[in-house]
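What follows is chain A paired twice: with chain B in the first complex and chain C in the second.
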Partner chain A sequence: MTIRESKTDSFALLGIGGRVDSLNAETLKGRLQEIGQREARILVDCTALEYIGSAGLGALLVLLKLVRKQGGTLRLFGLSPHIAEVFAIAGFDKLFAIFPDLESARQAAT
Partner chain B sequence: MEARFPGTLESLPLLHDAVARFCGGQAVRPDAAFKIDLALEEVFSNIVRHGYGDGRPHEITVRLERRRGRVRIQVDDDGRPFDPLLAPEADVAAPLDERRPGGLGIHLVRRLLDQIRYQRRPDGNRLILVKRLGAEERST
Partner chain C sequence: MERKDPAGDDRSLLDEVQRLGRENRRLQRAVEELAILNEIATAINSSLALEKILDLMTQRCVHHLRAEQGAVLLLEEHKEERPFQTLCRVGDTSHKRLPFRLDDQLAGWMLTHRAPLLINDLGSDPRFATGVGDLFAVRSLLCVPMICKGRMTGLLAVFNKKSGTGFSEDDQRLLAIIASESAQVIENARLAEKEKTLLRVQEELSLAREIQGNLLPKDTPRPPGYDIAGKSVPAKEVGGDYYDFLVLDGPRLGFCLGDVSGKGLPAALLMANLQAAIRGQALSGTSPTSCLEKVNTLLYRSTSPEKFATLFFACLDTVAHLIHYCNAGHNYPLLLRAGGGTIRLSAGGLALGCLESFPFEESRTELAPGDRLIVFSDGVSEAVNAADEEFGEERIAEIAASDPGATATELIEMILQAVGRHAAGRAQMDDMTLVVIRRE
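On to the complex of A and B.
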């Protein structure tokens, strides 16, 4: 699993890559909590995300709750078809704002 | 393929490697391989988190077999009686405020695979999972 953080325009850009399983999901959750407490506008780049199970989904849920609580914005983009199917089964496609790529996520109306 | 793993989350990368080798060797397509991989991780993690509690080392045996257009997955553990099918499933239609992380794993397993059965055995638990393969895969 890799976690990269950078800036683009007025957003924090967070890239999650590789495999997020039950072994490393706690590490991800810790990072997301820390980022969610300091950033109000976050884009999550999932283009390098190969795998995510329920533990990783739980970590993303924690981040979404944190961002919503402070009236912020969280957008995901670049989900592979496999990951998108997992999101849909989990009902996460109804909870998260999901976009095809960085440009569409960045330019979406707030 | 049959392999035994220590009953800890540290076994997950090894389990993933074993599943990838099996699926590659048996010409299981990436879509089915992804679902088998994810379902097995969820089942394995569930056993580690809920099946023990005695502080002693445990082992989990995973058996993967391809036959008649299906992949059959058998997971045996030596933990206390634990039927994951009886655990409450996540409400995936609930709004954000009411969403809880628990129960999501078994929900994914039920939806990604085609069958799941639990058997209590004298020396532990057995889960049997079945993934049906697509028509193109069945002919290979």
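On to the complex of A and C.
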């Protein structure tokens, strides 16, 4: 699992890559909690995400709740068909704002 | 014949007396050291309890080396930050100002150099010139490493020699012998305590497993014209999967299969909570959606923000042969039609516990003779082999299609065996749970 953080325009850009399983989801949760407390506009790049299990989805859920509490924006983009299916099955596609790529995520109306 | 020089005779006699005196003191010192070592060896071998051994050893060192304070620090494996754990301190209570925390600098120095450290004027020692902090009341110190089978396992230290001269080379030699003689005894005691803790945890886990096993349905319902089976195989002692059968009203039978996020005990506790909530809400007359909406809110209020559960809940009318179902974020169950074709039951909504309220949808479908419904957890479909290739739901459907006459129990076993062959010895990563309903 890799976690990269950078900036683009007014968004914090977060890249999550590799496999997020129950063994490393706690690390991800810790990072996302920290980021969710200081950033209100976040784009999550899932292009390099290969696998995400339920514990990983739980970590993203924590981030979403933190951002919502601040009235902020959280957008995901670059989900592979397999990852998109994992989100859809859990109903997380109804919970998260999901976009095909960085451009569409950045320019979407708030 | 050469005459002896009487003065020379006196000198050599004096030398001899002095030599004997030194030898005598050395022997006396050696006898004392042996007595001390013997006393410590007897003391530490008299107990198996780690804390008692450390306490006895520190007390004896403080006493014999005439120090004001002593400490044993044991090195904790797999801990990069603060690898030392102070397990025992003995101090002279008359010196209230003595610091009771070993400075990290000292522990760090010992870890790097693994050699004895003798300082009789700490205030002016360049190695500890800065950041002495807590060590301000320490004038002199003597510290030796404890090494067991080539690995540094801890350190033994005494502080502030009571007589003015400070610690001597002899003190250092004695403390080093004590440390090396006791390192193995301490290590054995430490391993024995670890094993005891592990055994207790194992016992508690197997109790938890028994409790969880009792939460699963003991009897499988046998409504006329239906063949039903369920099975759950946790990956660890306890798991976050569960299934249940609920008798509703008349010919209506409720059944569900759920998967709580995460693994092990935390997941198992939440699973028990979910099961109780479902049993409390799934009363006669309630629809799957109203049941799940209430359970969702209950679960949301009683869990931490990253926890959620996926659940497939359905009511089967065994007379009208209708299934009303609501799928809260769970892997889509497969409905294999006897006449060919497979339907995935997806209607429902978000996994439970994510949002405080959520408007779930429900759907219904008819069961024709020979139709089979397979509900499973992702531990089955996502079981991976050595090449990280998932078992996949297609294989589940293929196995079912290969033997339309198999009973519900047989089909579950066939699927689990195929998963086992697929994983080919790779450890089970996630709980596996299956419910099969077959209309005869």
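Note that the second predicted complex is superposed on the first by the 110 of 110 C-alpha atoms of A that agree within 3 Å, B and C clash if a C-alpha of one lies under 4 Å from a C-alpha of the other, contacts with A are read in each partner's own complex, and residues count from 1 in each chain.
We adopt the following convention: contacts are C-beta pairs under 8 Å (C-beta built on N, C-alpha and C of every residue); 3 or more make two chains touch, one makes a residue touch a chain.
Note that the structure is predicted; figures quoted are calculated from it, not measured.
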Chain B versus chain C as contact partner of A:61, first or second or both or neither: both
Touching partner for A:77 - first (chain B), second (chain C), both, neither: neither
Which of chain B and chain C A:89 touches, first, second, both or neither: both
Chain B versus chain C as contact partner of A:11, first or second or both or neither: neither
Chain B versus chain C as contact partner of A:99, first or second or both or neither: neither
On chain A, positions contacted by chain B and by chain C: 21-22, 53-55, 57-58, 61, 65, 89-91, 94-95
Complex contacts: residues of chain B adjacent to chain A: 9-10, 12-13, 16, 30-31, 34, 37-38, 41-42, 45, 48-49, 90, 92-94, 96, 99, 101, 104-105, 107-108, 111-112
Parts of chain C lying in touch with chain A, wherever the complex brings them together: 259, 261-263, 305-308, 310, 328-332, 346, 348-351, 354-355, 378, 382, 429-430
Of all residues in chain A, those that touch chain B in their complex: 19, 21-23, 51, 53-55, 57-58, 61, 64-65, 68, 82, 86, 89-91, 94-95
Touch list for chain A against partner chain C, complex: 21-22, 25, 29, 53-55, 57-59, 61-62, 65, 89-92, 94-95
